[in-house]
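Beneath this line is the structure, given in C-alpha cells, with notes to follow.
Read from first to last, the chains carry the letters A, B, C, D, E and F; within each, the first residue is number 1.
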Amino acid sequence: MTETGTATVSEREQHGAEVMRTLGIDPNAVIAGVAPLDERFGHTIVEYIFGDIVGRPELDLRTRQLATLAILTTLGGCEPQLETHLRATLRAGATRAEIVALLTHVAAYAGIPKVMNALGVAKRVLPPA
Amino acid sequence: MTETGTATVSEREQHGAEVMRTLGIDPNAVIAGVAPLDERFGHTIVEYIFGDIVGRPELDLRTRQLATLAILTTLGGCEPQLETHLRATLRAGATRAEIVALLTHVAAYAGIPKVMNALGVAKRVLPPA
Amino acid sequence: MTETGTATVSEREQHGAEVMRTLGIDPNAVIAGVAPLDERFGHTIVEYIFGDIVGRPELDLRTRQLATLAILTTLGGCEPQLETHLRATLRAGATRAEIVALLTHVAAYAGIPKVMNALGVAKRVLPPA
Amino acid sequence: MTETGTATVSEREQHGAEVMRTLGIDPNAVIAGVAPLDERFGHTIVEYIFGDIVGRPELDLRTRQLATLAILTTLGGCEPQLETHLRATLRAGATRAEIVALLTHVAAYAGIPKVMNALGVAKRVLPPA
Amino acid sequence: MTETGTATVSEREQHGAEVMRTLGIDPNAVIAGVAPLDERFGHTIVEYIFGDIVGRPELDLRTRQLATLAILTTLGGCEPQLETHLRATLRAGATRAEIVALLTHVAAYAGIPKVMNALGVAKRVLPPA
Amino acid sequence: MTETGTATVSEREQHGAEVMRTLGIDPNAVIAGVAPLDERFGHTIVEYIFGDIVGRPELDLRTRQLATLAILTTLGGCEPQLETHLRATLRAGATRAEIVALLTHVAAYAGIPKVMNALGVAKRVLPPA
C-alpha cells in the first residue's frame, strides 16, 4: 500500500471501490471528476466514505442507501447527488415504492418543500411503477 | 369522526396512536405536552405524522426509524427528539450496532460534528453492548 | 369520508382545498403532480398542510404567507416553492413593498446570500413597482 | 457622527436603539454583552440590524417579529434568541394565540422537530392563556 | 453624510465600496441589481457587509475570503455567490491550490455532498492549474 | 499496517495523530470517547479527518482552523466542537482578535443569531484581551 498518487491502492480503497460498483457508481469516474482540481480527494472519497464508512458490515447497504436519501433530502440543494443515490438505492435492493415512502417520510421531520424537491428528481430518475 | 377537540377521534388518529405505542411513544403525553399552548397541534402530530406518514405500510418501521435518526442528526439541535427516537428505533427492531452504524454513516454526508452530537446522546440512551 | 383514493374527501381536505384556491394554488394540480409517484401524498398536503395548519383561523393568511416566505428563504434551495408562494402572498393581500421588506428582513437573521437568492426569484415573479 | 468608539452615535444607530426599546430589547445590554470581545460589533447590530433593516417602515413591527420567530425556529439551535424575540413579538402587538399559530405553521415547511423545540421555549416564556 | 437615497454616501459606504473593488466586485452593480426591488438594500450591503464587517482590519482579506467560501459551501444552494467569491478569493491573494484545499477541508465538517457542489463551481471558475 | 482493531496503526493515522496534538487535541481521548459505541469510528476521525484532510500541506493550519470555526458557527448547534476548535485555533497561531473578527465575519453570510451563539462560547473559552 502506498499513500497516494501511485499505482497501488490500499486494501480499504479496493473495498470502497467494490462497494461503489455494487451501487452502480464508478469509482474511477468520481476520482477523474475531481482530479482536475485535486489528485487525492477522489481517492479519499473512495477509501474513506465507501471503504471505511458505507462499506462497513454492521448495517446493510439497502438501509444505508435509504438513509442517504433521507440525509440528502434534508440537506437540500443536493439534486445531483440525489440522482446518483436514487439509482444506487434501487441497485441496493430497495423498491420504487419503498424509496417514495422514504422520501415522503422526510416531510414529517424536515418539512414539505425539501421533499417536493426530492420527489421532482425521483419523478425523472425512478423507473415507472 | 369529528374534526377536533371532542371525545371521538378519527380512524387515522387511532391508527397513528397505535403506531406511536408500537414505538414506545405515548400519544397522550405528546398531546398533553403541547395542549397548554395549543389544543389541536398534538392531535395533528398523532393523526398526520404517525397516522398518515409514518404509519403507512409501504416501508417498514425499522427502516423508517433509522431514517428518522439520520434526518434528526442531519438537522442538528434535535437532541430531545433523538433521545425519543433512539429508544423508538430499538423498539422498532433495530439493534444497537445497526443504530451506531447508521449514526456514523451520517458523517460521510453531513459531516463529523453533527454525528458527534448524536453519538453523545446515543451513549446515554442506548443499552450497553 | 373515506381514507384515501376514493371520490369522497374529508371535510378537512375540502377546507384545505379552499384555502389553496384563495392563495391561487390549484389543489388538484398538486395532487396530480405527485400522483405518478404516490396516490396519497398530494392529499396529505392538501388535508394536513392547508386544512389543518395553514387554514386554521388563529393567524391571518397574509401574515402566514409572509412567514412562509421567510421560512423558504431561510431553508434555501426552495426556489420553485418561493415562486409559488410569492404569488400566493400577493393573493393573500401583501403588497410588493411588504414582500420585499420581508425578504430583506431575513438578511439580519439568516445572512445575505439566502436573501440574494430569494430576491432573484422575486425580481422575476413580482409585478413591477 | 463618528464611525466608532466615541460618545456620539449616528442617527441610524439612534433610530435602531429606539426600535429595540419598542421591542423591549435594551440596546446598551446588547452592546455591553459583546464588548468584552469586540467594541464595534454590538453597535453594528444596533445600527444596521435594527436601524437599517428591522426599523424600516415598509413592514410593520408585528409582522416582522412573527417572521423573525419563523426564521429562528427554522434555523434551529437559537433558543436564547427565540426567548428574546418571543417577548419582543408580544411587545410588537402579536397575541399569544397568534404566536403559537405561527410556530405551528413552521411545521408544514420545516418539519415537526424544530417546532417542538420552539414550543418548548414558548411554554416557558409566553404568559398563560 | 445622509441616510439614504441621496448623492452623498457615508464614509463607511465609501470604505465598503473600496473593499469590494479590491475583491473585484463592483459595488454599483450590486446596488443596481437590487434597485428594481429596493433602493436602499444594495447600499446596506456595501455599507454594512463590506464597510463594517468584511472591511475591518483585524483579519486579512485573504483569510476572510477563504472563510466566506467555507460558509457558502456549508450553507449550500449558494452557487452564484460561490462563483463571485471564488474570483474574489483569488483577487484577495489565495492560490488555486489553497482554495481547493479549503473546499475539500469543508468535507470533514459539513459532509461530502456540499463540497462536491462547490467543486463543481470551482472547476468552471478557477483558472487551470 | 492493518485495517482496524490491532496494535499497529497506518502511517496516515500517525500523521493525523500528530496534527491533532499540534492543535492540542488528544487523539486517544477522541478514540476512547467513541469506543464504547464503536471501536473503529474514532480511528476513522484521526486517520481520515486529520490525516487525510486537515493534515494536508496545501493550506496552513491557522487558516484551516479559522475556516473550521466559520463552518461550525454556520452549522449551528456545535457548541462543544466550537469550544475544542477555539482552543485549537489559538494553538494554530491565530490571535484572539483574529478569531473574534472571524466569528463576526460570519454574521454577514449566515446571520446574527448563529454568531451570537458562537460569541457566547468564545467569551468563555478565549483568554482575556
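Convention: contacts are C-beta pairs under 8 Å (C-beta built on N, C-alpha and C of every residue); 3 or more make two chains touch, one makes a residue touch a chain.
What you are looking at is a predicted structure, and each value in this text was computed from that prediction instead of being measured.
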Chain D and chain C - chains in contact with each: A, B, E, F
Which chains does chain D share as contact partners with chain F? A, B, C, E
On a CA-centroid basis, which chain has its centre farthest from chain A's? D
I'd like to know which pair from D-F, D-E or C-D copies the B-F interface, where a copy means over half of the contact pairs are the same by residue number. D-F
Farthest chain from chain F, going by the mean of C-alpha atoms per chain? C
C-E compared against A-D, more contacting pairs: C-E
Using Cα averages as centroids, what's the distance between chain B and chain D in whole Å? 31
Per the C-alpha centroid definition, the whole-Å distance linking chain C and chain F comes out as 40
Distance between the centres, which are taken as Cα means, of chain C and chain B, whole angstrom: 26
Would you pick out the residues of chain E that each touch at least 2 other chains? 44, 48-49, 53, 56, 72, 75-77, 100-101, 104, 107-113
What does chain B use to touch chain A in their complex? 48-49, 53-54, 56, 58-59, 63-64, 66-68, 70-72, 74-75, 97-98, 100-102, 104-110
Report the residues of chain B in contact with chain E in the complex, numbered from low to high. 107-113
Quick one: in the complex, what on chain F touches chain B? 34, 36-38, 41, 44-45, 49, 72, 75-78, 80-81
Given the complex with chain D, which residues does chain F contribute to the contact? 76-77, 100-101, 104, 107, 111-114, 116-117, 119-120, 122-123, 126, 129
Looking at the complex, which residues from chain B come into contact with chain C? 1, 3, 11-12, 40, 44, 47-48, 52-53, 56
